[in-house]
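Next come two complexes built around chain A: one with chain B, the other with chain C.
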Partner chain A sequence: MSRTPLDTVEHAAATPDVELPWAELGLKKDEYERVVEILGRRPTGAELAMYSVMWSEHCSYKSSKVHLRQFGEKAPQSDALLVGIGENAGVVDVGQGYAVTFKVESHNHPSYVEPYQGAATGVGGIVRDIIAMGARPVAVVDPLRFGAADHPDTKRVLPGVVAGIGGYGNCLGLPNIGGEVVFDACYQGNPLVNAGAIGVMRHEDIHLAKASGAGNKVILYGARTGGDGIGGASILASETFDDAKPSKRPAVQVGDPFQEKLLIECTLEAFAEKLVVGIQDLGAAGLSCATSELASNGSGGMRVTLDDVPLRDSTLSPEEILMSESQERMCAVVEPDKVERFLEICDKWDVIATVIGEVTDGDRLEIFWHGGKIVDVDPRTVAHDGPVYERPYARPDWQDALQADDAGKLPRPATSEELRDQVLKLVASPNQASKKWITSQYDHFVQGNTVLAQPEDSGMIRVDEESGLGVAIATDGNGRYAKLDPYTGAQLALAEAYRNVATTGAKPLAVSDCLNFGSPEDPAVMWQFAEAVRGLADGCLQLGTPVTGGNVSLYNQTGEAAIHPTPVVAVLGVIDDVARRTPVAFQEEGQLIYLLGDTREEFGGSAWSQVVHDHLGGLPPRVDLERERLLAEILISASRDGMIDSAHDLSDGGLVQAVVESALLGGKGARLIVPDGLDAFTLLFSESAGRAIVAVPRSEEVRFNDMCGARGLPATRIGVVDGDTVEIQGEFTLTLAELREAHENTIPSLLA
Partner chain B sequence: MTARIGVVTFPGSLDDRDTQRAIRIAGAEPVALWHKDKDLKQVDAVVLCGGFSYGDYLRAGAIARFSPVMEPLIDQARAGLPVLGICNGFQILTEAHLLPGAMLGNDHLHFICRDQKLRVENAETSWTTDYSAGQEIHIPLKNMDGRYVADDYTLDQLEAEGRVAFRYVDFNPNGSLRDIAGITNEAGNVVGLMPHPEHAVESLIGTGRTDGLPFFTSILKKLVTA
Partner chain C sequence: MARVVVDVMLKPEILDPQGQAVQRALPRLGFEGISDVRQGKRFELEVDGPVDEAALARIHDLAESFLANTVIEDFTVKVEEGAEVAGAAK
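Right after this comes the complex of A and B.
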């Protein structure tokens, strides 16, 4: 786009009739007109570049904003929340002077185009968000969704994504402790690659993205700026894939995890010496985002000399420099007398650092290039006053028919043998099978603080070596449930993640989310989105766990076909002493297996209906959040007081899936009896929410039963940890060897 | 007195803090060494820890081997300074020719992270006296380039001299020749292995086993009684 003469502010004012390529940059006509109105003239090319990326769906949340407000409006009272929505990531008080920051983001579109780099830079981006809050990153998690496991393209996308997450995260020294892998044909052209990260800091170390104090210097540090990822946010993440368009590969960034590792260490060292006034990472929309957000969140304006930005490619135009999404870059605001020390630290770590501007008295963001002023804007209009759409939404006309197609009417196994076969088929199905082939490509051990990692119900990290204080995180989401009923589906995702944190013994504190949906221009998708947000906001209010931040990914659709609405919910919890944590695996023979909660005939959206009947219809399981809260309290108390030795949440796949996993992980079988009032089929496959199984040492049985009875939680003794088989009395027996083969061979045989 | 054990941080080192913690748990004093240091701060032993030094975009360890700290380290290791190389540290030791052979990419071409069973073949090195020969232990393994290779002559020599210190048992995770997981130099002061003993020193953390702690207690005993 570079042209002669330089398109300065002056030049723009003098040449009102020059046509700019706003449509190619992803802006709509009315949006462009609004830019002209704000500026009182046509924008310069550089200004247009900034507005186009910052007003993109990905950066401005223009379609989702009106709904996301509920997370603030319905926020529960919580003493734990130190920093809420709007910053790089939320921050939660976990006690003993520690604060934890966590967030989940999407890197869906780039990961389909270029799986390795797309996924790798997804990890890089979320980790920089965590550093930007002042925290040392301590763990990552990766909720992933792919097309059908046996589809040929899944074999291209999945191994690339997994290698990318591993290649980047392993090289940063961050243990990967959780996440999910889900297969469904609806994600065939739109895999969901969400990445979450947790960071730990002391309360006094919290940093914000804010440029204050006239005269303070703006320092860009990290990688040089190149031509990669130009327009990533506006073009790639904010449009529907369409085969007719040219390859979007150049819009995908390329990651350098080594550079990011240096960036982590050098940033933390600068924080430790209190050299940083404000900080922002460069992710989507690159310098456009960093400069406009820092300036608009601070008290003054900002002046930047773009010529000083270190480049990888000297031919880049100023517009490209502003839009580049080159990875591993950060922007810090530093007082003048601390600049020298800041640069020394960068030099120690061989990180390039350059003063590119300063904070000014005014309220304008001014950017210069070759001596001419090419940007002169109110930064708030770029960063915060983007368009807000009240997109039309409507309950899709097929929703009633879908819900009427009750899974309860599907044929059930007629004989014990059929039941046995269906159990084997379930635990071997791609969604229920062991994901060890995938997770063994991630480092779980680095940093030496990993207490629990996948396949445990939640990942758990020790925060303090002396006291044993720890944090837990679980991510969950079930697109099938959400398709049947987005409001309930979102609450089920929340309930499951909340439960998963509690089954390991940690107290759930706060929520982050990654909302993956189709095109907001489709009223049916918009309805799904509105319903899911409403459900999640209501649920968080009821459970007392505020949403601290998150991410929205729209346009996950190919042509007319949208993905299942997929709200992924991350719940963060705290545990006073990690020595009290409860694992999934059965520990000792003879311990009693209790089923907690109520089991109903609920099969809508279930794994059984998918695996056995390839069916999706009816209603998802009912949600009772008060029951979830009670269950969590019981699980936490029981773990703290040593009443249970293992626990596993019941969710997709139902009780049989949970029992098989606990048995295989512990190398100890189970003998189960179908309790009165239930049939074997319902006991094994129902996906009623608000349930868990626990293994209780015999010496603790009375105490445990008394506790459940006193608090009104149904607790049913259903069996005992025993032998090397899983036996359902009067029905069938499966050996652990058979189950292991079924459970562990599926993924390698499809993907290795 | 206690022993002072240096842990070198290269840019891209990942397990430096973990290794320092393991040394502390064993009762010794960890001393942080920086890749640009030109002396070893009079430490009694050195651990080269895991990670991706300088990004390892070239051969793993190939650049780290030329960093300033390696000059005194190579000289002193030849003179008897105990040195343990874990994972990337092992790769660096082979690149520095303190240990023979080389590490190639895993034969299955994936990063692998698992709780690995090993057999201690040599319990007489500076770092293994708290084990017994033939003892089987579980130590976490995590690497991309862990396939140990050397020519047959070297391998035969290593075997004949008892310098294969650790062997993979039940499962060879990366295609290493003769299931070799770790080796020692002739004098027994320089040991390198791919698995990570520093990740197996606390019963609550990682795999929950403490099979790696004897590495650090072995060296401590040797240094304190020396």
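Right after this comes the complex of A and C.
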């Protein structure tokens, strides 16, 4: 086997004319030239590997950065924010000395290629982000989007994704408490598998990703490094440097939740003994990312000996080791006299741990292989000074026509019978139907702290057993709204998640987001992105809920067809005592059903327009964030003072969807009267934002009305919890049995 | 009736957590000298009628689409000669 000499820094300097496969690694010509300019010579293969992965869209946010800055610039003043954007995950103060970290990320493409492992490793990745902050993971949530429910490929992708999330999360012992499942043909070939996680810690336990203090050791621990997810690096290894080597490397990473569980316990024990100076999880871009980020966030440089990295496959080249995305690995910086204890803890948990380098007092990141120096870079140029693009964006020429195609003009049901049929059709449609078949595959209650889980409006976890302090999280997004108007659509996603948290009685505190869009090289997509970010940043400023971090997923498109712009927003809230939570289900017959907020004729992007007319056009519902804030305050006060026994936010599907869900979950029906000024159709199907229904015990009615009146929130009595039917007076009656069959059979019959 | 055996193994470069768990357990149980373990699945298919090319093609098809996940797994199909294998006989 012939092998060309090791491509060391010296060798690179001496052989400036060697052509490197930068284009195959995804770098543009000017980006490669920039690397050459930074280094003052051609990069070595290993350096090229590092720059190419770290300057990728995924790691560098090069297309999105200029817009994401708004989250910082427009950040509202918030005493709750302990750690903001830029760290592994944001950290929020929830009181009583507790802090909560949470984040949402995407694992879209891997989940399309290999649904089970893609989704499983998505959970693994987000959980490591939480551990890296010093927190114990306590729950996960999974907002999912798939192609049409009846498409054959959905039947391939969805069960795999769901099994992967369940398999990994259940093995880790983490309850899955929320998320969404949405079907739309636009996600065919580009399913969105977003994963969120929450962790809890004490304030003093927050850890940051940085490497400081010359002489401190860099320890890689967790799984061995294999050839996972390094399709690109193989080009370097096989074509340029060693033709005899097999170049077939998997793009698919396989997760090992039991290893991850050990990693959690081992890391938290090391934190508890204060052995760790800085820490970073290994996700995308693996060691390239961990070493360059740790070094550039710290004060000094770093020297790493790649030969010391424990390998699963001894044939890996140094470029591949640097790019490998093998799962369940972390990198810690530890003071020399604490290394022994750190390694002992790892050994106790059966976790492989190896000192691979140390922090230096220089400012270079140097990496050695077989005695030769193969990387010598300023780590900041790798981790932070990547290219930044001001991509051109333009409002697409079809936007006006789309918005002019008003859903309000669609034919409405002419008779009570037709109205009744459409209600049944709506609650049975894949997007509105019960997702129990999916969510029952996840463990909701492991650890014993789950207070609420799907299908509640938000998931809720008890943080402190004594005081009852808890946190709530809701994730929402509506690609149909965002397609009609990305600015408003993003605010509607924020408003819905905010409202969902408040509906359960928790006070919204902070936001994380996962922004799923098509190709940034398409000006129309870039416009959608810019508008959505602007909308979200403005909305967060107005609601006083800062964005603490998140993730951008671009290139979600097949050929010319991009997905609907899909900003998914997670809102985290806090509740003083989880015993005061408000559930969705109707609790007691005779309680009065109140509709809070204003109902207008708003059908653009609605579930009704999709289910009945297969239509998408017009404008999404109007957003009034001041109203959302008032509604949230009322819902929280009413929960705290025991004025309401159940509540449900109104969003896609409108009032009828909410009433049916509350009725089915509670096993109690409802009699509704259409209030003056509204027609039955608008009452049932309108998707006006800023609304909720609540069930008020008769003894609390006066007090509740007084509160709403004093605060200026419209509250309309629309009916009563009663019997085993849902009756709209003067229109139709549906039995709970009929509704249950329609609502709960759809998903199993399509997917089981 | 003939028997066709389909062996399904994770591709060599794919992480095999189960195999690793077995391998880690071996030294604890006093079995030394095993440097790697990979675990797979074996399917024994009893075929009605002759195992001709058409039957094998059919089995190849079902293995590829159902028994193995070819994104991360390889499989082999072989016809077993004789009814019993050494060690399996009682």
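Note that the second predicted complex is superposed on the first by the 730 of 752 C-alpha atoms of A that agree within 3 Å, B and C clash if a C-alpha of one lies under 4 Å from a C-alpha of the other, contacts with A are read in each partner's own complex, and residues count from 1 in each chain.
Just so we're on the same page, contacts are C-beta pairs under 8 Å (C-beta built on N, C-alpha and C of every residue); 3 or more make two chains touch, one makes a residue touch a chain.
Computed from a predicted model, the values in this text were never measured in an experiment.
Participant: Now for A:Gly227: first (chain B), second (chain C), both, or neither, which partner does it touch?
Facilitator: Second partner only, chain C.
Participant: Touching A:Val254 in the superposition: chain B (first), chain C (second), both, neither?
Facilitator: Once the two structures are laid over each other on A, A:Val254 reaches chain C alone.
Participant: Based on the superposed arrangement, let me know which partner A:Val578 touches: chain B (first), chain C (second), both, or neither?
Facilitator: first
Participant: Would you sort A:Gly166 into first (chain B), second (chain C), both or neither based on which partner it touches?
Facilitator: Once the two structures are laid over each other on A, A:Gly166 reaches chain B alone.
Participant: Thinking of the overlay built on chain A, is A:Tyr442 touched by chain B (first), by chain C (second), by both, or by neither?
Facilitator: Only chain B is touched by A:Tyr442; chain C is not.
Participant: On the superposed three-chain arrangement, identify whether chain B or chain C touches more chain A residues.
Facilitator: Of chain B and chain C, more residues of chain A lie in contact with B.
Participant: Where does A:Val138 make contact in the superposed view: on chain B (first), on chain C (second), on both, or on neither?
Facilitator: neither
Participant: Once the shared chain is lined up, is A:Glu114 touching chain B (first), chain C (second), both, or neither of them?
Facilitator: second
Participant: For A:Val304, is the partner it touches chain B (first), chain C (second), both, or none of the two (neither)?
Facilitator: It touches nothing on chain B or chain C.
Participant: Taking the superposition as given, does A:Thr450 touch the first partner, chain B, the second, chain C, both, or neither?
Facilitator: Once the two structures are laid over each other on A, A:Thr450 reaches chain B alone.
Participant: For chain A, which residues lie in the overlap of the chain B contacts and the chain C contacts?
Facilitator: Correct list for chain A: 256, 258-259, 350.
Participant: Within the complex, which stretch of chain C touches chain A?
Facilitator: Chain C reaches chain A through residues 10-11, 13-17, 20-21, 24, 69, 71-72.
Participant: Which residues of chain B touch chain A in their complex?
Facilitator: 11-12, 14-15, 17-18, 21-22, 50-52, 54-57, 108, 110-114, 140, 142, 144, 196, 198-199, 201-202, 204-207
Participant: Okay, in this complex, where on chain A does chain C touch?
Facilitator: Residue list for chain A touching chain C: 113-114, 117, 223, 226-228, 248-250, 252-254, 256, 258-259, 312-313, 326-327, 350.
Participant: Per the contact definition, I'd like the list of chain A residues that touch chain B in the complex.
Facilitator: 163, 166-167, 170-173, 256-259, 261-262, 349-350, 439-451, 462, 465, 468, 578-579, 752
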